[in-house]
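Attaching a single structure in structure tokens format; questions to follow.
Chain nomenclature is as follows: A, B, C and D, assigned in order of appearance, with residue numbering initiated at 1 for each chain independently.
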Amino acid sequence: MAGNSYGQLFRITTFGESHGGGVGVVVDGCPANLEISENDIQKELNRRKPGQSGITTSRKESDTIHILSGVFEGKTTGTPISLLVYNEDFHSSDYDNLKDVYRPGHADYTYDVKYGMRDFRGGGRASARETLARVAAGAIAKKYLKEKYGMEFLSYVEKVGDIDSSVDLNTITSEQIEANIVRCPDKNAAEKMIALIESVRNDGDSIGGVIRGVIRNVPAGLGEPVFDKIPADLAKAMMSINAAKGFEIGSGFAGTRLHGSEHNDEFYIATDGKIRTKTNNAGGTLGGITTGENIYFRVAFKPVSTIMKKQRSVNKDKKAVEFTAKGRHDPCVLPRVVPIVDAMSAITILDHILRNKAYLK
Amino acid sequence: MAGNSYGQLFRITTFGESHGGGVGVVVDGCPANLEISENDIQKELNRRKPGQSGITTSRKESDTIHILSGVFEGKTTGTPISLLVYNEDFHSSDYDNLKDVYRPGHADYTYDVKYGMRDFRGGGRASARETLARVAAGAIAKKYLKEKYGMEFLSYVEKVGDIDSSVDLNTITSEQIEANIVRCPDKNAAEKMIALIESVRNDGDSIGGVIRGVIRNVPAGLGEPVFDKIPADLAKAMMSINAAKGFEIGSGFAGTRLHGSEHNDEFYIATDGKIRTKTNNAGGTLGGITTGENIYFRVAFKPVSTIMKKQRSVNKDKKAVEFTAKGRHDPCVLPRVVPIVDAMSAITILDHILRNKAYLK
Amino acid sequence: MAGNSYGQLFRITTFGESHGGGVGVVVDGCPANLEISENDIQKELNRRKPGQSGITTSRKESDTIHILSGVFEGKTTGTPISLLVYNEDFHSSDYDNLKDVYRPGHADYTYDVKYGMRDFRGGGRASARETLARVAAGAIAKKYLKEKYGMEFLSYVEKVGDIDSSVDLNTITSEQIEANIVRCPDKNAAEKMIALIESVRNDGDSIGGVIRGVIRNVPAGLGEPVFDKIPADLAKAMMSINAAKGFEIGSGFAGTRLHGSEHNDEFYIATDGKIRTKTNNAGGTLGGITTGENIYFRVAFKPVSTIMKKQRSVNKDKKAVEFTAKGRHDPCVLPRVVPIVDAMSAITILDHILRNKAYLK
Amino acid sequence: MAGNSYGQLFRITTFGESHGGGVGVVVDGCPANLEISENDIQKELNRRKPGQSGITTSRKESDTIHILSGVFEGKTTGTPISLLVYNEDFHSSDYDNLKDVYRPGHADYTYDVKYGMRDFRGGGRASARETLARVAAGAIAKKYLKEKYGMEFLSYVEKVGDIDSSVDLNTITSEQIEANIVRCPDKNAAEKMIALIESVRNDGDSIGGVIRGVIRNVPAGLGEPVFDKIPADLAKAMMSINAAKGFEIGSGFAGTRLHGSEHNDEFYIATDGKIRTKTNNAGGTLGGITTGENIYFRVAFKPVSTIMKKQRSVNKDKKAVEFTAKGRHDPCVLPRVVPIVDAMSAITILDHILRNKAYLK
């Protein structure tokens, strides 16, 4: 109810702030007997961690994961898995000059209104550091879905600012995505994106972009009709990520310009006898339920709010102020958001796998 | 869990199919002492009902609402409000020729995969008729929010196909929206939209479009951080509506091309002493919590799947088929979706009002 | 959140008051393809309905069930099943003299405090009439569990006042329970109970008693550890029934006087190779999870609060009053509670069947 | 869904096993601005911890609490509070001889059936060690309710085996409860209880008992009608505690023998103008909603399953075995359960305080 849990049957509850003891997650509802190690989780966390490349923040944190419960002799037991990363590298003093300022684009003002106070260090609970807990939980979901269903989660950076990419969603691999620091499998576009991010950073500014989400080998029949449609739950999952401003699935906004006769995906019988669709404007679901075609979607992320330029705002005492942020920040959050999108996708799909299974014969 | 409920503290559970006894909703968690009548609800239902104008389906259904419980001497009692519309105008025979066909763009195939059977009459539970239950419940939420907070819900049709409109979100009124049958307050655009819809219908085809959602006079501090952010919950609410393919809030996808220095909304102290922002790229929330600025968002709807043209598909027995839909259908669903978007907005916001209130001092 | 729903995956939401349009329930999460008819449900409702015998209220209501949705061609579709009984036999005037009185033992005062108003007719939402919705939903759960698992729900009246019964839980049948109007399979005890109830009624008074709950053929492994233990969920289910004051499972309160060496149920290998326990002090669960042994428990019900004697109380205006109830009331609620206990048992167990299934390999 | 969370608006999620990294809890939904320190929590944990007196297990664990998040400058921030106790004093080898044995009265067999495996060390997740997480969370709830409402939670040991006590519920204090190691404020009874527990331990056996729960200064109007009645939610809370076998509120099972004219609590106007009842057979609620009178209830706990006597059972391979438990165990769990009952009471009541507040004007 207070918004720190996600999922119904595979349910995660995250906790922790940017500064303080640590950031973690309790995963409740992971089926028993899945082999899982800290290393399986660490690999995904490393894709998200700060300081991983020249185009992210230069802040260095090891983000080392600890499994505190729920795993016995290398396997999940069916009981809650708690995962914890201790905080380190405190530069609380970076925030001292800002503790009373309502930074534009940040949650400072809204948290103060809501709670009558806030932990101002590093954004407190509103910090993107919270998302490491999602990536940790998502690593478990990804592993389960890979092993039991051969599912793959292949998000990548599709756009940075105006720079677009061209990628074949049917053949893309995770190696291609990880082949460069911006996580765009179109090599030419990736180079331009990196150059743009570097230029933006040199200006002390930031830039937004679009992540393409791709989920492959999804069983048909997942999703609940009416409110808990797969597109609805994916939309919620994605829009809950810091800085997300838009979500579309399949043909999305562009599809609104089509006629029904163009948009409808024709069914046919594939050579393996399966029912397939010739096109996939739907993006992998009909009536909110998966068709078995790949799910693909796009998520818009605004430019990072923290910039190194002087800005005007107001403070807690309702005085006008001018300020310049200190510290080390990402000029573009997109490359580090890729594993978060994958994690939220995997958590959402695994939750629906379990829900669907409950009602099967 | 089976997906037919929405909301936490103001919680609706809808039931009913296109054909059968009726369609209804149980509203659990409406505060006591709100004056409400069947007429208050009927007004909203009339905005959604079929046959209301020359550009919707010509199917005529009165969609008369009945309050079965939860209201005593004209006021809500705090107990569940059940609302029911009996089904009428059965043309089940319209569907006889299609009962084994998996219509492209429809949920026929996915329901069969999921449940091993389906009520094929009029789409059964996947029918847009389900949304009348949402509009009925939303009418209660809208009335509550209007009376207690002066809130207004002012969705309208922003685009049909390629025809865009130009509207001042700050001055728009519900009268302007209701002034024409397409529910676009830009009169010139409305005329073109109507002409386009008529032309599409004459072709036996359909067309999509975009709804703009506007919520005015929202208190600051609503929304829960992390997962249950207002943008996340609105996204889910909107993407759960039949035919929705995309959602964006504030600057949305377009905002991804901006720099942080352009996108950040500068805070200032208004003449009434309130903290305001000069621009509203955020769309009314920061860190997922309302700022007090208007909430605005856009929702993409694909073209209606049922068209009057011959289509190819497969049937239950995995045979290729050709078919042409019968019956009376909307060539463009947008004008009738406006009240659904308002309803889902109001339900979402009232739910968060109650959630926020629970934690206040 | 407002307390009108029960269950997670098999979830019921009840609505309706003693007077008004009707009383009903939405059942969300019933698996598809279960054959169900209004007759299946009516049979259970008839066990609960008023006027069924000489020891219940003489109020006559047919309590005719209507299936409004979720069933197609005689089978459940997996979508919400809505069930409705219209209200009839209104004697609202019976309550006119009491509308401002806070009747002792009733919810009049607490509803007024909570909601600032109440529907005073027949107890409104606090009326035991609400439980017909549970019985209707429970009839579906019972049928499912009988067909898929051979489970039996065999609650009966164990005590009325001081009159106790002696019954063999392992051989009891539903025919024995239904063989007399008090629903106690011990014939001698039943006669004494009937005589006691008649005598109490002649005094214008009421009397309490104890229901024994019995569930047979329960699969092992149901229930979730920690909070959602089967005993915890059954306790909640039973204590949510009007007039319930106590719950115990297995050895219950009496077992607290035993030593561990007496109480522990010894495991052995049965002739069919199954792991069984020689005794069943546990009542069918260990660590909150079913062992496969029968579940048995007891529920205490206080004497009905409405009596035909003059009572002292206060009214809404905080004045002392004397009053005598009018109308037709049960002198002992136990015989009509039996199907409610069965219904709540079946709903609880089916919910856990689905939950357990979700996590299985 | 997997049973490790409790509460709706004040929601706790516990994690951790007897052995492994630690045991902890995430508290989601604590209002902001409550002063809380590790010391506040430690005080309650010390009432539960092993080795605290001569009649508990001699196992020594410091059970030191760590606040990892959700508290800033000594105050709650409204974000999730995570509390962790690291495990220590591992005697895993105590369990080696039992790892394949299904101990009578324990969850060994049912966990194996449910999950296909189990962490056999110290009972794993089924260990009573899990309850320290509840006590930690409950300490926060207790402090909030004490400060804002003056509420007091005064559970005590009412019976051990056949030894009953006599206590005035209206004047009892926490000092009286803590005045002896068995936590029974009736000094004479306490001495006999201690002697009984010592005698039972010397026999290598165990004994059960009854806890009396008392909640004072409860506001009227708490609880939701129908399913989430206060008695129903307290019953669930209590029956979820390890070894609980029964729950009754107010007159409970004894009240079933009364007539309505004896049982009904007469309303009157107290000298302070408040509406009160002369008796309190109801135990503080009517129609499931609090009256403002004290809540009192009783919880039955079976004798501890682990005894030092030789027992017969079966093992994983379905072979008959004889075994004797090793290690240090409580001969009677009651004295250490008192703070758990208080914790679950406080969590339940605070949850309902928040729920009630959500719907108020």
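Note that a contact is a pair of C-beta atoms (placed from the backbone, for glycine too) under 8 Å apart; a residue touches a chain by one contact, two chains touch by 3 or more.
Nothing here was measured: the structure is a model prediction, and the numbers come from that model.
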Practice item. Report which interface contains more C-beta contacts, comparing B-D against A-D. Key: A-D
Practice item. Between chain A and chain B, two touching copies, which fits better, same or different residues at the interface, with half of the numbers shared as the threshold? Key: same
Exercise for review: Sort the other chains by how far their Cα centres are from that of chain D and give me the top one.
Suggested key: B
Study note, to complete from the structure: Rounded to the nearest Å, the gap between Cα centres of chain A and chain D is 39
Check your understanding: If you average the Cα atoms of chain A and of chain B to get two centres, how far apart are those centres in Å?
Key -> 26
Revision key, fill the gap. Here the gap between chain B and chain D, centre to centre from mean Cα coordinates and rounded to Å, is 46
Check your understanding: Of all residues in chain C, which are in touch with two or more distinct other chains?
Key -> 1-5, 8-9, 14, 29, 32-33, 78-79, 114, 116, 125, 225, 355, 358-359, 361
Point to revise | Residues of chain A defined as touching chain B within the complex | key: 1-6, 8-9, 14, 102, 104-107, 109-111, 113-114, 116, 125-126, 130, 159, 161-162, 200, 203, 205-210, 220-221, 223-229, 231-240, 242, 244-253, 255-269, 273, 275, 277, 281-283, 285-292, 298, 300-307, 309, 311-314, 318-320, 355-356, 358-359, 361
Check your understanding: Can you list the chain D residues touching chain A in their complex?
Key -> 1-2, 4-5, 8-9, 11, 13-17, 20-24, 26, 28-29, 32-33, 66-70, 72, 75, 77-82, 84, 114-119, 124-125
Exercise for review: Can you check the complex and tell me which residues of chain B touch chain D?
Suggested key: 1, 9, 29, 31-33, 78-79, 225, 354-355, 357-361
